[in-house]
């Protein structure tokens, strides 16, 4: 087992990992940029090192500095959290070449799944349904037109290296396909230095359903059920929940089984999430694998009782999963709300600044994962998340009632937050009825 | 039911108030009114009333720090110029264990004088002084791990 | 169902009840003394009324003022919380005579169980073992000497109206029995205006095990398993947990069954706790019934998933229990720590004052029930509890690890707290091994 | 990484400080030192320095309120005397709906003048003024619920 772990991240996920380490009896070494110097959560680590100035590109994203910190911190492993370098296969490889275990999947599995075309190929060979589309990159316009007419319009043009909606276009006919191809490719070249695009059938009003996986180094793979993350705004998840509402039991089993199959096929290890879209007839299609822990992992922790961060660490240390598929329950209903320092009246622009007053709700089934406190200053340099409010109750109705109660209690003064939008979402009949799709927020507000 | 307006539940930070009064005295100001967000300071100096400071609602110091009306006064004793670590890594005072240190107390440095090596990822980075002056103190030991921005030498 | 409920209490339990009401869609009316005016939790109620000056005897304990507040607040029911008037059968009766439901047991059942001698008689008739002792009040010294020689020394002299250790004496022989009788009786007369005492066999180094009960008005009675509260100091519970460690399964079942039997026999309704002592050979003896919700109710909520305050309200409104005995799980391990504003270096004297800095731990399985926040002032007028930290994990070892992790995170500046004692308790092998008895703290520190 | 010693995370309560300064001015005090528990106040008045107030650790107002060295000074503009509700209940201005109110604006009251009835638990409590003066404002309506301490009448 590791004695010391470096946490190559900041904020709430760094604190989450510090807590997991401490409960496992492992020492944690934190790193911080000058913008995060003095943050309370750093005091909770056993040691903390400044690795650079405020911009992430000069601190949290600098592999050299992280490896240096790992070396002077004398750690046996690095936990990358989410974001930053967490899905960077190069970083994972360098860590391991320096004899520091990367707490995440094998770097070759990361690389294979990080490329969308090769991920689709893995899915197909594992007999996991993908959205109909081109079998690989589109080489020219003629091929695109042929594929589009085969799978039928509307089609989606996607960058193979894409993410966050960049390099993505919907085309309803051949004219817009031709225009979109060029635009998407140029955007992808600019954003990811990779102009490769492929085509997919465009699924209208899809739900986003993802399956949490744990896979150890002994070949054991289990799923920890699904999360519904359909409440999104510009591809940013706002609310996540487990179990997914209105998903028939046999479909749910099929999706979870498909995810396990795909993960086994990819020779994947550690925690991962297999993302699907589900259409109105409950057909589901593989989208991508998130080869890391996710922001929304707490909802799965609540319904299964499994500490996912601890399991990540134990798996990386070579431990066997301490349970089998049959031992993984899904009890009650858990809903997570992300609370961001953003101005909902001003196009959700970031609202950094000092938190002058903070009242966090509590009580049975309430969890708030956050590194902030009264007096904390939200930095303009990083993401705007203040924290994640998680409600776990015996039923979905009770979880929604609990969430509404919490929203009435929550006070964050000093910065603008997404709390007003949250109240609207939880009061909307579409959410209460469980019929939200990924286009809902933009169509509604 | 609202929080009492007389601030019964607040701690207090009189340092800022003191700074304000000192500034007012120094520059002969008799009346000041500062407002930022929900916070408001009003101070009048005169024979009748020393100070009046109605606080609309408590606000953290951090929220008022950038208030332009109350600039920082660095009345603290100067701590001297330092050469700081430009990267995280391991500090070496000399190129080789048997060599003399690049600089020591009394050495005079200019901007491009190499003052030490910081090893990061097996790469030995020669660190220039980036300033000029005389070394008056070496703040770290040979072989110490250093973090970004950590002062290494004190310069005069 | 009730539309509005008056909360005849203050602090964390008032906030706990406000939260339960809101999740049930019921409006809450809070009351407060002048010392509590302006407290943040009062803002979370739908309405709040000042009922008197700071001393509880002139506010929270004044039945007239509470009923007046209930009347002007236009409520249908009163929740008494714990402490104050929660076990006052007279208050319960007056509420009901005013057509305001008292959220608690029938007042006659309260009165029967409130008197220790009649409670013992009920237990005996329900075939629930009691500590051997006198069959009722001791009428004279001769009777005491006879009973003591029958049950064998050491014996315990207890006041029938007693509580909190008052009017209690241990006698190891006839001489100390004669002296103790007089002292206990005089103390009881002074404290409770009732000099009646009885005798019990003194059980050495007993564990305190109590069973949580819910009983509806339709005759359904279920237990929600047991709590071990052996970690006490001067009869004040410090740590509570569920399940009780090192309690053989068949003994556990027997204790829980006995509690259900007793409650049925007493025609009891609503939430209640049946307290037992357990000797080193796992013999268990009924002690008393707490005819109200208890401070330590959250540990039971964590392992069973049942919201006990909500159930109290629903039962008082005439609802049937929504589950049967077979539906009540006991999942994982939950431990509660009470954190008090007391000075452990100064005989645990109360340490009221302002909380200048507060950092509350969080993460998976952590709950902190409290009304305090940074800037809150602990009043010298009421009990010294700052809050209750509850840890719920899959196993007891993990709960202890989680608790230790939380203790390292917890920061309360401005007042002295029992946190240093807490660290000692959770690190002591007797607690880790689950062998603590009710005399442990006083013997050890 | 520890909390900065200049109290960056504290709110402030200047009312107490103002009171202290007022007191010092009023009584010609040039130096004061108050200590209670972990809290310590030191103030010197003179030509060089207006005020110095090292705060050992923030403490709530309540903790220092009973400090005998700093008695209350009610220098705040008087808001007028009021007759406050001595109990929670329902306010009645008159003994019967058809009767005249016990008192109204302009009435002169003495300590034992009955000014209203507050009903609590079906008991109609006659409330005496407990002060004397002229009623200048009736602050509640007939039939209003009132809480303990709520002002009922303004008196001059």
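For clarity, chains are labelled A, B, C and D in written order, and residue numbers in each chain start from 1.
By definition in this document, a residue touches a chain if its C-beta (ideal position, glycine included) is under 8 Å from a C-beta of that chain, and two chains touch if they have at least 3 such contacts.
Fair warning: this is a prediction, and the values are worked out from it, not measured in the lab.
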item	value
Turn needed to bring chain B onto chain D - CA fit, degrees, nearest 5	175
Chain whose Cα centroid lies at the greatest distance from that of chain D	A
Whole-Å gap between the CA centroids of chain B and chain C	52
Whole-Å gap between the CA centroids of chain A and chain B	38
Between chain A and chain C, centroid-to-centroid distance (C-alpha), Å	43
Chain C: positions in contact with at least two other chains	40, 354, 356, 375, 377, 414
Sequence positions of chain D contacting 2 or more other chains	8-11, 58-62
Touch list for chain D against partner chain C, complex	3, 9-11, 37-38, 57-63, 87-90, 119-121, 123, 145-150
Residues of chain A touching chain C in the complex	15-16, 19-20, 22-25, 40, 44, 298, 301-302, 305, 307, 331-332, 359-364, 366-370, 373-375, 394, 398, 401-402, 404-405, 408-409
Interface residues, chain A side, partner chain B - complex	31, 34, 49-53, 59, 64-65, 67-69, 71-73, 98, 353-357, 374-375, 377, 413-414
